[in-house]
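Let me begin by handing over the structure; questions about it come next.
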Amino acid sequence: MNEEHLLRIQAIAEAALLAAGKPLSLDQLRELFSEQERPARQVMEHVMVLLENACEGRGFELKKVASGYRLQVRQAYAPWVGRLFEDKPQRYSRALLETLALIAYRQPVTRGEIEDIRGVTVSSNIIRTLLEREWVRVVGHRDVPGRPAMYATTRQFLDYFNMTGLDQMPPLSEVRDLEEIGREIEKNIQAEIEFESPAAENDDESPGQTLH
Amino acid sequence: MNEEHLLRIQAIAEAALLAAGKPLSLDQLRELFSEQERPARQVMEHVMVLLENACEGRGFELKKVASGYRLQVRQAYAPWVGRLFEDKPQRYSRALLETLALIAYRQPVTRGEIEDIRGVTVSSNIIRTLLEREWVRVVGHRDVPGRPAMYATTRQFLDYFNMTGLDQMPPLSEVRDLEEIGREIEKNIQAEIEFESPAAENDDESPGQTLH
Amino acid sequence: MTEESTDQATPGSQETVPEQSPLALVSGKPVVDLPKDLYIPPDALAVFLEAFEGPLDLLLYLIRRQNMNILDIDVSEITRQYMDYIGAVEAMRFELAAEYLVMAATLAEIKSRMLLPSRESDDDEEVDPRAELIRRLQQYERFKQAAEDIDALPRLERDTFAVSAALPDMPSSQPHPDVDLREMLLALQGVLRRADLFTSHHVERERLSTRERMSAILSALQGDHFATFESLFTVEEGRLGVVVTFLATLELVKEQLIEVVQAEVLGPIHVRARAVS
């Protein structure tokens, strides 16, 4: 596979990604070629690296998202490009984002379970918006009375937020249970005491003793 | 105006042209910038030349069209890119199948004769589609006013349906017995149509029909 | 809630913390605290309530405002403040989501349990009555944070845009639809039924091979030329083939599609299509 050949595949891949205007998977890109000229997966992967490098310094970049590869505006230029569009980028309410967060981190999850954690009812509007945007979908029904729908996030959700998988979500902050915190406090106190002990005290306890 | 600055304007223009998905005029491009940083027309024109050069060897090119500048997939890659848009084959309309069947059983036959039997006009689209597919051909013209073309089926038609000759078509008397299988097929087709419901339809003269 | 800090503490209010965000903005003026006399501009309270995503959110806010550790809530203080807000809201006769009242009851219960002396101070089984509330607050706080994190992710239509380029002239490569023979016959059946041709029309009787041969002869005769009659026949087809061709020729003559010419008796017979294409 010579360089000229690779450059040609790269140009065709770029042309196709620009024509599609949406992510294309590696296989979708390979299928643009007839069987005889179809690049192997490894070759195609290599070409994508070449393309990514070839976009350096340009207005757009190659991004890998859940559904495949996408050419998109470089984030640095978004403020200028945004002026093209009359509408300001949509803002999402906290209620919607919290619901989305719960579905993303707790999926599959029912509305009731979301409500338990949020402490308020989840409006049907929010669920509908999330479904309409195709960020979440119903993946089944929990086998409890009422058979409530269980929600999970979709590939479109990942695509929209520039992720290839849920593992790219920002980590959920840890909940430290009370016992653990109790132990921690105890440890801190312990440490403080140890730190102070040799200086202040000179009672007759045996020096070998470290426990107080 | 240093080179770095020009490159930046070029990248923003490129990003905007790709995000807009339509041609942008020189002034529209300039208006992406705030007043303080807005490039002069001449500068912007120069940037477009730079951008044009920067697209060499890539999958797309800069085109000047009536309403401004447009980034466009290179013509040379159209054969590959075109595979993206290959629609799933649509279904033929019932009208087309009826016409085809009548040509097969009544050949050589004119459009007028087909219309007589079907009781409705045969659209030119149907005849064209059948000719393009090379399932029917004109074998002569009837010696009546208007000298209408007479249609007959072709070897390709026989090949497609795995027949060596028309005598392998079931006799019409048996067509009646098809009712049973017919219902079955219709059910399947119906299910398929429902599945791919928005299938486009462009050669059926009777909009009320559900079969394609 | 804006981040704007203000010193506009209401005189007479005792729980004012030095740096706090306003509860709401009314006509541009921040409302920082709820005055003790419960005189609150009604608009402020409405905005205030809307700013919260429920009782847990409100509680988190109150805890923060008091610089309390979530793990070490001063229940009686928080309960008092919470009740103040609830009371204010009720006094203004705003509709209050039921969840807020449930929380009020929960807080009151916790408070009363904490006031009771524990029966046996060294009992390991003794559970801090605040535990469940703390657990819920912690849980909620995680997802509140997660929602902010998601909002901060670079996303389409705000931080980046999908790009596309115009298409050049495309080769039309529409694939052909598949057709099942039965499908075609089914269509035919429809026509025939519609035209009521089963009984009367001669379509039925004709041998298809004859009609096929008619087409073949016609297309062989394309153009304004005569062909010899014999050239229509193919010896290799045998007797049946000859018969079919002959019948087809007769039918074509009958339908006036071809003309047959014989210049002299027993001379060569010539045929040609009547309407020259």
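So that you can tell them apart, the chains are marked A, B and C in the order they are listed, and the count of residues begins at 1 in each.
Everything that follows uses one rule, which is that contacts are C-beta pairs under 8 Å (C-beta built on N, C-alpha and C of every residue); 3 or more make two chains touch, one makes a residue touch a chain.
Keep in mind the model is a prediction, meaning the values are calculated, not measured.
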(message) Using the contact definition given at the top, which chains are in touch with both chain B and chain C?
(response) A
(request) Determine the chain that sits nearest the middle of the structure, using the mean of its CA atoms as its centre. (result) C
(request) Please flag the chain sitting at the greatest distance from chain A, going by CA centroids. (result) B
(request) Could you please state the distance in Å, as a whole number, between where the Cα atoms of chain B are centred and where those of chain C are centred? (result) 26
(message) With centres defined as the mean C-alpha position, give me the chain A-chain C separation in Å.
(response) 20
(request) Please report how many Å separate the Cα centroid of chain A from that of chain B, as a whole number. (result) 38
(request) For chain A, write out the residues touching at least two other chains, lowest number first. (result) 15, 18-21, 60, 71, 73-74, 81
(request) Please list all residues of chain C that touch 2 or more other chains. (result) 161-165, 167
(request) Sort out for me which residues of chain A touch chain B in the complex. (result) 7, 10-21, 24, 28, 31-33, 54, 57-60, 71, 73-74, 77, 80-81, 83-84
(message) Please output the residues of chain B touching chain C within their complex, sorted ascending.
(response) 15, 18-19, 21-22, 60, 63, 70-75, 78-79, 81-83, 85-92, 94, 97-98, 100-102, 104-108, 117-119, 133, 137-144, 147, 149-150, 152-153, 160-161, 165-167, 169-173, 175-176, 178-179, 181-182, 185-186, 189
(request) Note which residues of chain C are touching chain B in the complex, please. (result) 161-171, 173-192, 194-195, 197-198, 201, 203-204, 206-209, 211-212, 214-216, 218-219, 221-222, 256-257, 273-277
(message) Residue numbers of chain C touching chain A in their complex, please.
(response) 53-57, 71, 97, 99, 103, 128, 131, 134-136, 138-165, 167
